[in-house]
Amino acid sequence: MSKPPILRTEQVCKRFGGVNAVDGIDFSVAEGELRCIIGPNGAGKSTFFKMLSGQLQPTAGRILFREVDITREERHRIARRGVAIKTQVPNVFDGLSAFENLRIAAARRLDSRGAAELARDILARVEMTAHADRAVGELAHGQRQWIEIGMLLAVDPALVLLDEPTAGMTKEEVARAAAMIRALANQRAVIVVEHDMKFVRMVDANVTVFHQGRILVEGPTDTVLRDTRVRDVYLGKAAH
Amino acid sequence: MSRGRDAATLMAVGLIGLAVAFSLPHLVEVFVLVELTAYIVFAMLALSLALVWGYAGILCFGQSIFFGIGGYAYTLGVMNIGESTLPVALGIALPMLFAAVLGYFLFYGRVSDIYLGVITLCVSLIAYNLINSLSGTEYKIGSVPIGGHNGIPGVPVVNMPGDSSRTFGFEEVFTLSLILLVAVYIGLRALLASQFGKVVVAIRENELRAELLGYDARAYKLVVFVIGAAIAGLAGVLFVNWGSFIGPTVFSIFFSAQIIIWIMVGGLGTLAGAIAGAVFIQWLSTWLGTNKIIDPNIVLGVIFIVLVLLVPKGLQPMLVERFKRRRRSETRSDTRSETNSRLGVP
Amino acid sequence: MDFATVVFIQVMYAVATLALISVGLAIIFGMMRVINFAHGEFLMLGGYAVVLPVQAGVNLWVAMLIIAPITVGLFGVIIERLIIRPLYGRIVETVLATWGLSLLMIGLASAWIGFYQAGAAPPFGSVQIGSYREGLYTFFVIGVTALILAGVYGFLRHTRFGLIALGTMQNPAMAAALGVNVSRVYAVTFGLGAALSGLAGAILAPISGVLPVIGITYIAKAFITVISGGATVLAGTIAASALFGTVSQLVTYLSTVIIGEVALLAVAIVLLRLLPEGITGRFSRGGL
């Protein structure tokens, strides 16, 4: 790897009661890289994401963003450094209109005229212009996902974390999302947690497999998906 | 959307307010003005909670704390100094300071909303007990006894800044109060239309999302809380000027409950509704009180329970929604998501 | 030495009364996530349920230990059905509705009974400690509070209903799936909490007297104790009572009762900044 890492974790752990949800992850993503994280339910993917975005604090270990320690930083500070996350459950402003959702996001870094312009622009890019004035709470699950992805675009982050971005989307939408995510990765680093293997193939990036809070395998899509250990994990066989 | 029309409406409100403030004293009897001034004071207090609870979703059950601190700060100030300009400033600044300290612990401790409500209520209850107990002559600030449960009577009314011999009459207190109410109303509308106001509403809708976008929800809430305290403090100052009296009942649980009911009657997420709610409930309790029909506690209690069980969003928005269901205000959500976000539930 | 003994007894008494006035509220809050703003009026009702029968000639102990908890407990069951259940899961609305109930009860008590202090003389005499006198009733309050706490613990730990209630508290959906009648569990829990509040109000009535607004003198302390206690019902209440009771009583010695209350509040607010989930929140979730 020639590019310096934008994000690096050292032996990150998260314990809930007696359970090691994340158990010593050493992970690294380069500037501008696109990475998929896969793994069965309970592998620790979402917990890992929550720690990267400051929603949870690790029990042990360090998280470095561009070699700055952000392990114990408040989540809004991490966001201001350029880390944006789409959470697993859509996190949007349900009572506000689609346009207003995007405008609020854009206004974090732009003046009000610029924010409004960008919001309109993004609405067009995620093909939601027709729904601009509708309350996001009234939209379908997939549409809310698009609004949330649009909000990430609006803050222009250096690192995008997407936790199951295609849940609730139609087949065409999944394809569109894959294309958009690949386009995103031209200017910034993107990490995607996904269950949908078709989507992972479409994105065709480096894949990290989580299993029981640890990294099982890491490598290009083809290699990883052919790996017998990965198959065993997904088919529920014990793999240690 | 209709920013131009909003500005025109506000301009009209301002002009009508000014016209009424200056002309009404020539048109009606003094006792009517005095009665109206009381409504104006309560309307101002209602506005402060409409901002804090209705828009920012901060469940402050003890808004009367700031009202009371404002009133006492003005009273003790003006009775010591004799001139009212600094005491008025104190009546606004001290509540802000207290809100800043209390709010720091609450918001930065991430005390979640219902706990915040309970804590703020407890603060007002204990303030009530504290002031109530300070009745001995040894308890005084400067030369003025705090008065304990007897309160402090005979508080001087405000004067023209710099000229303590030119004190305001009932008419002028009315004019001043109405102008300030209109100014606060317009100021809040402007605040809510601003970028800051939109972020505040967004935080109410989904605090986690706002923070993940990079907004420090704690700081925004603290600022709103302090602004609300300033307005409540100003209302407290005007309250003392209205009756020339302050007592510990401004901190009582009954008084705190009233403010909550005003907002519930008027509806969450509206300023005009809060004013209407305050005026209506105060009118009702004054009417019941003067006619001695029934204990006001019973009336307020029944209104409270019925409002919660039947119309959780307050009456005024129900009417609004009936008439313009199509044009739902963009800052308002359905009850459930509003409640959820108030509770911090995704 | 005598002074130290008296101070110790007073601190114990302060801790016990805090736990006593909080335990009913804590059970309702811990099990149902309902903050009953009418808690103070439940205490008031308990007070009247002992004072009025005693004035009518009923034996003090019968009124205090039997009539008061049963009356308030039944009242609680009715309130649960009428006000709490329709709002279940809506925490803010429940608080507001019970706040309305609180005002309504104050208003009704003022209208029916009147706004005067009613009382019953505390039983027992007093004991001499050096140059100090201490009422024996003080010791009764401390002892009975300990018994109540032990009884609640035993009830929740060792009876069938207690175990079902604990399970329901941990996971209502799971309990319902296992065939538990969750509504009934909540109704009984609320009734139990109300009965304990009634008992507490009754025990304190001979000391403080009863007024329609007597509840207000208790609720601030009870709310703070329960909120600061955190997720574990009994351990939290006991820990918070011990801390706040000690602080407020010691400050009371140095100044006045009211300043003691202010100190209690200040400690609680600082504590919440440090431990947002309450004293026991960090260590365990939703246990005893």
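Just so it is clear, A, B and C label the chains in written order, and each chain counts residues from 1 on its own.
Here is the rule we use: contacts are C-beta pairs under 8 Å (C-beta built on N, C-alpha and C of every residue); 3 or more make two chains touch, one makes a residue touch a chain.
Here the structure is a predicted model, which means the values were calculated and not measured.
**Q** Select the chain whose centre, defined as the mean of its C-alpha atoms, is least distant from the mean of all protein C-alpha atoms.
**A** B
**Q** Of the other chains, whose C-alpha centre is the longest way from the centre of subunit B?
**A** For subunit B, the chain whose C-alpha mean is farthest off is A.
**Q** Which pair, A-B or B-C, has more C-beta contacts?
**A** B-C
**Q** Measuring from the mean C-alpha position of subunit A to the mean C-alpha position of subunit C, what distance in angstrom results?
**A** 47
**Q** Suppose each chain is reduced to the average of its Cα coordinates; what separation in Å results between subunit A and subunit B?
**A** 43
**Q** Any idea how many Å lie between the Cα centroids of subunit B and subunit C?
**A** That pair's centroid distance is 32 Å.
**Q** Residue numbers of subunit C touching subunit B in their complex, please.
**A** The touching residues are 35, 83, 86-87, 90-93, 95-97, 99-108, 110-111, 216-217, 219-220, 223-224, 227, 256-259, 261-262, 265, 268-270, 272-274, 276.
**Q** Once bound in the complex, which stretches of subunit B touch subunit A?
**A** 195, 198-199, 201-202, 205-206, 208-217, 328, 330-334, 337-338, 341, 346
**Q** Mind listing the subunit A positions that touch subunit B in their complex?
**A** Interface residues on subunit A, with respect to subunit B: 53, 55, 74-76, 79-80, 84-85, 87, 89, 91-97, 100, 103-105, 107-108, 112, 133, 135, 137, 151, 155.
**Q** Which of the residues in subunit B end up touching subunit C in this complex?
**A** 59, 102, 105-106, 108-115, 117-119, 121-123, 125-126, 129-130, 132-133, 253-254, 257, 260, 264, 294-309, 312, 339, 342-343
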